[in-house]
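In what comes next, chain A is part of two complexes: it sits with chain B in the first one and with chain C in the second one.
For the complex of A and B:
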C-alpha cells in the first residue's frame, strides 16, 4: 500500500512542471534540491548529532565537476565522476575527523567549504588560468527537476531503509552514547564513515545536477555558505531525527526564503540568522516533535503516554 | 628574506595567539563554542577604524574603548542567549550542539548587520605605517606595536589567571564545572565572566589586527577558523599552549605566503590543523587521553 501511494505521489510530483510555467519549474528545482539536501544531511547528522556545516563544500564540488567535465564526457559519466569525487572527499574528511570527538568534526566542516573554495580558486588561477567556466548542456529546468526528484525519492528510500536496518540502530546508539555503543560491539568509526560518505555523495550529486542552471560557474557562486546554512536550518526545523522531518522543514522554509530574498535582499542574512536562532530556541526537536507533543496534550491521555522516543 | 619572514611570522602569530585566547576562555570556562567569535572581532575592527577616521582617536586609545564594550557585549550575549540553552541542557552534552547552532545563527545576524552598515568593501586605515629596523631587517611599526601589546595582554591575563583568587576560581570552573560549586564557586557567574572576558579579548584582537590588516565584513569566518585552529593545537584552556600555537600558525602562514604561494596559506593552516588533530587530538601540549 505504501509503495503504491509513494509511486502515485511521485508521479503527481513529476507532472507538476507541465502545470507551472518556467518560473514555477525553477522554483520546483530549488525545492526538490533543498528537500534532497536536507534529507541527506539528516541521514548522517540527525542520529549521530555530528553537525556538518560543510554541505556547500560537497555541493560546490559537484557543481564544479560538471563545469570542468561537461564538454569532455557524456552527461551520465559526468554525474558518475561527480559522485566518485564527492565520495572520495567524504572518505578523506571522514577518516581524518570522525574518529575524534564531535566538536572537532564540526569545526573542521565549518572551514572545509572555505578551504575547498580557496584551493579551487588557486588551482584555476595558477594552473588552468581561468576562473569562471561555462556549462552548455542541453537540459531544461524540467529535466533537472525530474533528476532531482528521482534523487530525492531515492534518498528518502535509502533513509527509510537505513532506519530499519542494523546500521540505523547502531547510529542511534552512537547518537545516544558513544561509550555504550562501543561496548556493545559497534564499530564507531566505520558506521559513522559509511553514513557520512553516503550522505555527502548525495549532496555532491545535488550540486552536480543543479549546475546546468547556472550556465556560468565560478568558485564564489557555487561555494555560497548560505547553502550549508539553509540545509541545516531546514533539517532542524522539521526534525533531523525523523524520516520526513527534513522534508517538512524544507518546503515551507524554501518558499519563505524565496519570498524574503525577493522582498529584503539586503537584510536577508540577518533574517536568516534570526530564524535559525528561533528554530534552535523554540523548536529544538523540530516541528513534527512539537506537533506530536501538542496533540498528546490535547488528547489528555497522559496516563497512556507512549515511551519517550529515542533521542527524538 | 628569511629573517624578515621570521619576524613577520612571529609578529602575526602574537596577534593570533591573543585572538585564540578569547575563544579558548569562552570554550574552556563557559563551555560555549562560539562560532560568531570572528564577527565580534570584526565589530571591534570597524569600531576602531571609525573612531580613528572620524575622530582621529588612535587605535591604541580605541583599544581602551572597545575592550570594555567587548566585555559588556559578551556578558549580554551570555545572559540573554546562552543562559536559556545552559538551563535547557541541564549540564548534558546537548549544550555543545545547541550553542554551536545558536552562535552559527548569530554569525549570520552580525555579519548581515555589518554588511548593511559598512558595506562589503575592504577597509583599512594607515597608522604608523613606517618601517623600523631590527637586526638588519625592517618591519612595520604598527605590526610591532600590535605584537608587543598582544604579548602584554596575553601575559597579563596569564598572571591574573595564575596569581589571583578570581583567576583560580575561573580555572577551577574550567577544570571541573561539576565540582567547582562544592567549594563555594558560583559556576554560572564565573562562566558568564569567562565568556565576557573572551569577548573583551576578541575586541582587543580585532583592534590590533585592524592596525595592520585590511578586512571586510565577511572575513569573520576566517578569523574564527584561525582562532579555533590555534585553540585546538594549543589545547583547550591552555594559555601558554595557545600562545605557542598562535606563533606557530603565524610563522606557517607567512612562510607559505613568502616561499610557496600566498593563495595557499589557508591550505597550509588546514594541513597543520589536520596533522595535529591526527597526531595529538588533545593539542600539542594537552595531556594524553583527555
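For the complex of A and C:
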C-alpha cells in the first residue's frame, strides 16, 4: 500500500513541470535540490550528531566534474564519474576525520570546502592553465528537475531503509553515546564511514545534476558556502533525526527565502542569521518535534504519530 | 532576567520579526503611476562574495539611471510619450542557481519589459541561454572574456562590452614596450598574478606578449585568491632588478600589494595592479600617493561628459564611480534608453538597433562591432585627481603615460 501511494505521489510530482511555467519549474529544481541535500545531510549528521559543513565541498566537486567531463563523456557516464569521485573523496575524508568529535569536526568540514576549492584552483592554474569552464549541455529545467526528483526519492527510500536496518540502530547508539556503542560491539569507524560516504555521494550528485543550469563554472561559483549553511539550517528546522524532517524544513525555508529575496533583497544575510538563531533557540529539535510536543500537551498523554500529523 | 522569561522572549522574537517585516512591506507598496510603467527587472548580488563588485559598479549605475529617467518623466517611446520605469529587483545571493531562477521569474512570472544583466562574467554566462530563449537583449557589461566573439554568435541578442583578458594584457605590454623604446625602463619585468579566472586569462596572454616585445620575465608567480601578506613576494621582486612590476591582481589583493610596497619603500618605475586600481577608494588606500600607478581601464578625464557623469554619480550615490566599468555600465543604459526611443520595447527590434545603431553616450560615440564594444580603454594611470586612460595611445583622449612613477 505504501509503495503504491509513494509511486502515485512521485508520478504526481513528476508531472508538475507540465502544469507550471518556466519559473515554477525553476522553483521545483531548487526545492528538489535542497530537499535532497537536506535529507542526505541528515542521513549522516542526524543520528550521529556530527554537524557537517562540508556539503558544498561535495556539491562543488560534483558540479566541477560535470564541467570538466561534459565534452568528453556521454552524460550518464559523467554522472557516474561524479558519484565515483564524490564517494572516493568521502572515503578519504571520512577515514582521516571521523575520529574527530564535536566542534573539531565542524571546523574541519568547513575548512574542507576551502581546501578542495584551493586544490582545484591550484590544479587548474598550474596544470591545465585555465580557470572557468563551460557546460553546454542541452538540458532544460524540467530534465534537471526529473533527475533531482528521482535522486531525492531514492535518498528518502535509502534513509527509510537505513533507519530500519541494523546500521541505523547502530548509528543512533553512536549518537547517544559513543562509549556505550563501542562497548556494545559496534564498529564505530566503519558505521560512520559507510553513512558518510553514502550521504556525500548523494550530495555530489546533486551538484552534478544542477551544474548544467549555470553554463559557466569556476571554483568561486560552485564552492559557495551559503549552500552548506542553508542545508544545515533546513535539516535542523525540520528535525534532522526524522525521516521527513529535512523535507519539512527545506520546503518552507526555500519558499521563504525565495519570497524574501523579492521582498527584502537587501537583508538576506541578516535574516539568515536571525533564522539560524531562532531555529537553534526556539526549535532545537525541529518543527516536527515541536508540533508533536504541542499536540501532546493538548491531548494529555495520548500517543501521536508525527508523520501523519505533519501531513495534515 | 529569569531563565523562563528569557525563553519566552526568544520564542517571541521570530513572531516580532515577522510582524515587523509585514508592516514594512505594507508601507513600501508603490503608488500607482499614471502612465503604464515600463517594468525593468534585474537580479544582482546584494549578499555573498559578488556583492562588493556589484555594489561598486552595477547597482549604483542602475539606480542612478532609473532615478534620472523617472525624474525626466520616464522612458521615452517612439511616439514621444514617456512611461515611468518600475523596477523589479532580486538578490541572487551570489549563487548561480538563484540567479538563473530569478531570471526565469522575471521573464515568465513578472513578465518584465526589459532585463538588466547581473554583475560578473559567471553571472552573465549563466543567464545568457535563458535570455536567449526568452528573447531579451542582454547588455553584458561586467564580463571580461576572450570568448566574447563566440558568445555573441551563439546568443545573437547578447552584447559583450568589456573586452577580454587578452586585450588588457597585450595593451599593457605595448605601453611598457613604448617606455622601453624610449629608454625610461629596462627590459626586466616582475609579474605576479592571482590564481583566479581573471588573473589566469591575463597572465596567459601577457607571457608570450612580453617575450615577443623583448622583455625578460625575471619573476613570474601566481598567488592564491585571498592572499593578504605580500611581504615575501615583494622581497623577492625587489631583488629581481626589474624596473616594471606587474600584478594581475584582484581586490583586496590589489590593495594589499600596494600597501606592502609602500611599507617597504618598493619604488619600481612602473607599478601596475589589476582590478581595484581604478576604484575611487584607491586614493585612500595610498593615502593620496597614488600618482603614477597603472591599472586596468581609465577614463578620458578631459571629456565634459565624463566630468558631468562623475559629478552626478557622486551627488546621487555619495561617492564617485570607478574609472573602469562604471562609465561603460552607465553608457549601456544610455544605449538602451536611446534604442527604446528609436524602436520601442519590441525585443527583436531593440536587439537589432543595439547591434547596428550608433549611440551618443558618456563614453563618447558607441557603435558595437559584431555585438561587442571594442573601443575601450585598456590601460589607465593615476595622474592628479583622475585615473586617466593611456592605452590605446593613438585614440583621441588618451593621456601620455608618466614613467618613471614618482616615489611613494
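By our rule, the second predicted complex is superposed on the first by the 297 of 312 C-alpha atoms of A that agree within 3 Å, B and C clash if a C-alpha of one lies under 4 Å from a C-alpha of the other, contacts with A are read in each partner's own complex, and residues count from 1 in each chain.
Keep this in mind: a residue touches a chain if its C-beta (ideal position, glycine included) is under 8 Å from a C-beta of that chain, and two chains touch if they have at least 3 such contacts.
As the structure is a prediction and not an experimental result, all values here were calculated from the model.
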Quick check for you: in the superposed arrangement, does A:101 touch first (chain B), second (chain C), both or neither? first
For A:21 in the superposed arrangement: first (chain B), second (chain C), both or neither?
second
Notebook entry, point to check: With the two structures laid over each other on chain A, which partner does A:268 touch: chain B (first), chain C (second), both, or neither?
Noted result: both
- Quick one: classify A:213 as touching chain B (first), chain C (second), both or neither. second
Worksheet item: Is A:291 in contact with chain B, with chain C, with both, or with neither (first, second, both, neither)?
Response: neither
Practice task
Return first, second, both or neither, reflecting whether A:281 touches chain B, chain C, both chains, or no partner chain.
Solution key: both
Next item on the list: Applying the touch criterion given at the start, work out whether A:121 contacts chain B, chain C, both or neither, answering first, second, both or neither.
Entry: both
Partner chain in contact with A:180 - chain B first, chain C second, else both or neither
neither
Residues on chain A touched by both chain B and chain C 118, 121-122, 125-126, 266, 268-269, 274, 277, 281
Within their complex, chain A touches chain B through residues 49, 51, 53, 96-97, 100-104, 106-108, 110-111, 114-115, 118-119, 121-122, 125-126, 225, 229, 232, 236, 266-277, 280-281, 284
Counting only contacts in the complex, chain B reaches chain A at residues 33, 35, 81, 84-85, 88, 96-98, 100-102, 104-113, 115-116, 221-222, 224-225, 228, 232, 261, 263-264, 266-267, 270, 273-274, 277-278, 281
Per the touch rule above, chain A residues touching chain C in the complex are 21-23, 25-27, 29-30, 33, 118, 121-122, 124-126, 129-132, 134, 141, 210, 213-218, 220-221, 224, 226-227, 258, 261-266, 268-269, 274, 277-278, 281-282
Per the touch rule, the chain C residues reaching chain A in their complex are 10-11, 13-14, 17, 21, 25, 46-49, 88-98, 100-102, 104-105, 107-109, 121-122, 125-126, 128-129, 134, 147, 195-197, 200, 204, 222, 224-225
